[in-house]
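What follows are several structures.
Okay, so subunit A shows up in both of these, paired with subunit B first and subunit C after.
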Partner chain A sequence: MTKRIWLLPWIGFLVSLPAAAAWQVNLSPGHTAIARDIHDLHMIIFWVCVAIGVVVFGVMFWSILHHRKSKGAEAHHFHENTVVEILWTLIPFGILIAMAVPATATLIRMYDSTEADLDVQITGYQWKWRYQYLGQDIDYFSVLSTPREQINNEEEKGEHYLLEVDNPLVLPAGKKVRFLLTSNDVIHSWWVPSFAVKKDAIPGFVNEAWVIPEEPGIYRGQCTELCGKDHGFMPVVVEVKPQEEFDQWLADAKAAAAEQAASAEQEWTLEQLMQRGEQVYNTSCAACHQASGQGVPGAFPALAGSPITTGDIDAHIDIVLHGKAGTAMQAFGSQLNAVDLAAVITFERNAWGNDTGDSVSPQQIAERNQ
Partner chain B sequence: METTLGQNLGDTHHDHGPASGIGRWLFTTNHKDIGTLYLWFSLLMFLTGGTMALLIRAELFQPGLQLVQPEFFNQMTTMHGLIMVFGAVMPAFVGLANWLVPMMIGAPDMALPRMNNWSFWILPFAFAMMISTLFMEGGAPNFGWTFYAPLSTTYAPPSVTFFIFAVHMMGISSIMGAINVIATILNLRAPGMTMMKLPLFVWSWLITAFLLIAVMPVLAGVVTMMLMDIHFGTSFFNAAGGGDPVLFQHVFWFFGHPEVYIMILPAFGIISEIIPTFARKRLFGYASMVYAIASIAILSFLVWAHHMFTVGLPLAGELFFMFATMLIAVPTGVKVFNWVATMFRGSLTFETPMLFALAFVVLFTIGGFSGLMLAIAPADFQYHDTYFVVAHFHYVLVPGAIFSIMAATYFWLPKWTGHMINERMGKIHFWLSFVGVNITFFPMHFVGLAGMPRRIPDYALQFADFNSVASVGAFIFGFSQLLFLYNVIACIRGGARATDRVWEGAHGLEWTLPSPAPYHSFSQPPVVK
Partner chain C sequence: MAEDPQKGGFLKTLQSVLAAMFGVQSEHRRLEDFSSHKPWRFILMGLAVAVVFVVLVMLLVRWALSLGAV
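Then we have the complex of A and B:
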């Protein structure tokens, strides 16, 4: 008994396995026709592998059990057999051809992105997604909304930890949506497992993918191509709405955009700009330059006390608008509206003891951003 | 294979022993000394890269950021991959080739002994430089071992230049090692040792060496293009300058796919030596084994874009690379069937090297199965860049390549040291490694299928349970490698005297030499009948 005591933890582990039935071990069937086809392919090839494994490992374990020297087994002396060798070359070949046929058919369907009802351009940025509804005047960014405190274990993690964003991509159910994917900086990859859509977003390229979402609901995925520091923190969230709700959302989004444009004309006080600027800073700048404005030595420069944020105001505006070639500093002129740009530059010139007292107006930004 | 040993009968040749002191190791041109250097270097790198892996697994034990920040996490995954591929697995196989190829073909030494010294001594400098980047401002390379542009060019830390130079040095080392292996095998075979009598380990290394010569220059080319982009204003991979980031991936994987076979073909050779020994039966289908290795090597040049199914290849390209990749399953299957047929109706015993070899056959085959699944292009859209891929390549590399290296060490160590290994300790090491490796990597299939991307420092809550399991397994596996270190040192320092043949079923020229093998083997060529 005592000699077998080391078995106990393993027995415990095995006994606990049924309790683990809720742990997801397989691909989900998904929520589109293509996703289900792919799931079927996955299961077929899986069972083919299991069947081959049972035969091969079966023979192997049979030999291990029965042809062992300790049981008096004598070695036989055959070492080739042309018929057998040809057979076990041809049979796998046949299985592979049988697999290739449905795989090819599915792939051909996946590549048919014609006749889309709606086109959405998806652009990857370090570390957020931009969604532009082509021909609809709707253009916005989608950023992780999980609070920093949850990531740093200072707060309890929410149900959709790391898989939640401020503005999800909104799509109509039952319509064919074509995605045009590209990137602003490094390569990203846009993946929603339920749709079986995964396509790389590559600078200088426009890739295509498509989906016909069937059921309204919220579908979550992640960036799947290493894209730098916050690669693990740029989720994809898609909200599928019934057509009427989608139309309503579209109208609301257009109205909000118009309102936003109008706000660029009004006067903003330093205090208002600072307040708004801090929010913009936290979503667009803090990932690299840090909330403290101290940056990351060697990788991302500090803004606190920097000659840019405390020196010539036009030079500061230019670098924010146009980025800095050859570095990770993006051109925010095409990402943020004039109010947000004015606010964030004002914030950077006055936060962390920079205290220049400068205030930048949206009109000033609009002028330099011609 | 009957042999007579001319050298042992009335040999009047004056025997030069090793030089004394550190000079022996710095200036040595002896294949055994250089083999030993390679193997110790590899073990050191294995433990270094393994420590990084444990740091990664410790961070991933629970969701949230606990131990490291994302920047450093990315440096760890990158350095772990580079060190394991270029520092642990490849030098270990070169070390084994150095020790074994001359003894197996009846040669006195490698054909190009001074170059042999040089190709080893480049490596410590290359790795010292690469590891030193961890202490540079901006940190070590953080773009993954596949270093995709433009993350590794425009967006890379300044240390990328040191990484490029280190890769160049590793490439030079590998190419020189490969030239040496080819020259040795083609020129220094004993009389009667025809090509189709070569031990399979020698065959597998001959083919591997050609792969190395074919693809290491491609790697050198791609890192040089990066260097030009970073420092000399070219735009090979910079879309803003008219360059093409996807070109990087094509060139990289044209190197990268043969590279993964460079890390597995010598393992096939090792397993093909060990299984017949402990089955006491000749290898089944020797000729088909040779042809299978050659087919795998040729096909390895035609499948590179299966790593790129989601980059937006045209349909025809996807189909071609899917079919070509599936085809590799055929020769790989032949090898597995041959190993099983060798065991069938043999007279099996289960010493430590055999246990590692058997685990290799089963677990490498599981890695092959997931490889076949990944080859199905439509399904790959779901698997690509998830933990399913991580599970797949760790199954082929850890219980594949690494287990074969451990099997080889336990198998030939008595010949090298003159002492038998401690079987009991060897078996404990085996079982801990076997259990640890499966607890670590099997759950990665599950989290990958459930949707967890690779190379992330933090993850959603539904992946938490299996990640904890994998981390526990990693620590079991990692710490049990200290037993391997102990076993090797113990075997060098003492143990039961090994006979010349060592293992009852051993065949081949190396077993005709005394144990430990003399400093110079086969000064007079043996005659192989």
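Then we have the complex of A and C:
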């Protein structure tokens, strides 16, 4: 009896199988026509495989049991059987063709990105997404908004931990949206499971995908191509709105862009810049240089007391605008607007005891960012 | 082994090449083919069938795409 103890883990495994269905091991059915097609294909092919498995193993076990030695079975000795060989080639061939026909039909539809109502260029950055609505003058970055405290286990993790961003991609329901995917640095991959869209974003290369979102709502996904340190910290969030609300959002976004341009002209006080700069720092800089400004020794330099943040202002502005070749320091000149750049540089020059008292204006940034 | 210095013939060579591409050949025909001293007829037929196969696949893809494009 005690020798049967090795069975226990297996029994435990079999008992846990029904529970597995509850934690969604299967492909999700998704929320678009294509996603449902893919799910159906997946299920059809799964059941074909199950049927083949049952037949093959059924015949095998039946043969083993009924032709066993104790029943006096004698092996046949023969070298070849052309008829059987032809059959076991033709039957899988037929099954594969039968599965390929619906799969090809779906693939052809997935690749047909023509006649789109809206074009959005998606660019992967380490580690954020940039969305540009082509022909609409709307261009923004979408950055993880989960607070650092949650990531560092200093706070309770939220419901959408690591799956939330500051500015989601906003799309109209019921319209065909074409995505043009590329990357600014390394290979990323833009994935929204509910849309069954998963496409690599490759530098110097433009990939296409499309979606017709059906139901308004929020859809979440992730980068699915290991792209460096913060690969798990650049989620995709898509907000689908009804057409009228989308039009309203589009108008608001354009107005906000115009206001942004105007705000670069106005005067900013040191306090205003510091306040805004801290927010910008936390979303764009703190991942490497840390909220404490101490950096990570050996990897990312400290900004507190650094010769750059306490020295020449123009040198400081230049490194933020243009990055530093050969390091992880990116060129933020194209990623942040003039006000945010002015604010974050002002913040870095006055936070963590740097106390230079320097205030950088958006106009100064604009001049050096020519 | 029935030694027959047969000429082979176009159809027989084609049959052998098709059987090779399909992956199933009877032992009898295999011995017959390997007793031949003219490998070139198999090589040339193999190349020709490969070209025909590629063209067929291309036509099949075109046909499938023409069905898909609504």
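Here, the second predicted complex is superposed on the first by the 313 of 370 C-alpha atoms of A that agree within 3 Å, B and C clash if a C-alpha of one lies under 4 Å from a C-alpha of the other, contacts with A are read in each partner's own complex, and residues count from 1 in each chain.
What we mean here is this: contacts are C-beta pairs under 8 Å (C-beta built on N, C-alpha and C of every residue); 3 or more make two chains touch, one makes a residue touch a chain.
All values reported here derive from a predicted model rather than from experimental measurement.
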Using the superposition described at the top, determine whether subunit B or subunit C touches more residues of subunit A.
B
Partner chain(s) touched by A:Gln121 [first = subunit B, second = subunit C, both, neither]
neither
With both complexes overlaid on chain A, does A:Ser113 touch subunit B (first), subunit C (second), both or neither?
neither
Contacts for A:Pro92 in the overlay, against subunit B (first) and subunit C (second): which applies, first, second, both or neither?
first
Pick one for A:Ala328: touches subunit B only (first), subunit C only (second), both, or neither.
first
Of the two partner chains, subunit B (first) and subunit C (second), which one does A:Thr104 touch, if any: first, second, both, or neither?
both
Looking at A:Arg68 after the superposition, I want to know if it touches subunit B, subunit C, both of them or none. Which is it: first, second, both, neither?
first
With both complexes superposed on chain A, which partner does A:His79 reach: first (subunit B), second (subunit C), both or neither?
both
Both partners, subunit B and subunit C, contact subunit A at residues 79-80, 85, 89, 104, 108
For the complex, give me every residue of subunit C touching subunit A.
22-27, 64-65, 67-69
What does subunit B use to touch subunit A in their complex?
63-66, 70-71, 74, 136-139, 142-144, 148, 150-151, 154-155, 157-158, 239-240, 243-246, 279-288, 310-312, 315, 318-319, 322-323, 326-327, 329-330, 333-334, 336-337, 340-350, 358, 361-362, 365-366, 369, 372-373, 376-379, 381-382, 384-386, 445-446, 449-451, 453-462, 465-466
Subunit A to subunit C touching residues, read off their complex:
79-80, 82, 85-86, 89, 104-105, 108-109, 112
In the complex formed with subunit B, which residues of subunit A make contact?
20, 23-28, 37-38, 41-42, 45-46, 49, 52-53, 56-57, 59-60, 62-64, 67-70, 73-80, 84-85, 88-89, 92-93, 96, 99-100, 103-104, 106-108, 110-111, 126, 150-153, 157, 159-163, 185-187, 189, 191, 193, 196-200, 202-205, 207-208, 221-233, 296-299, 325-328
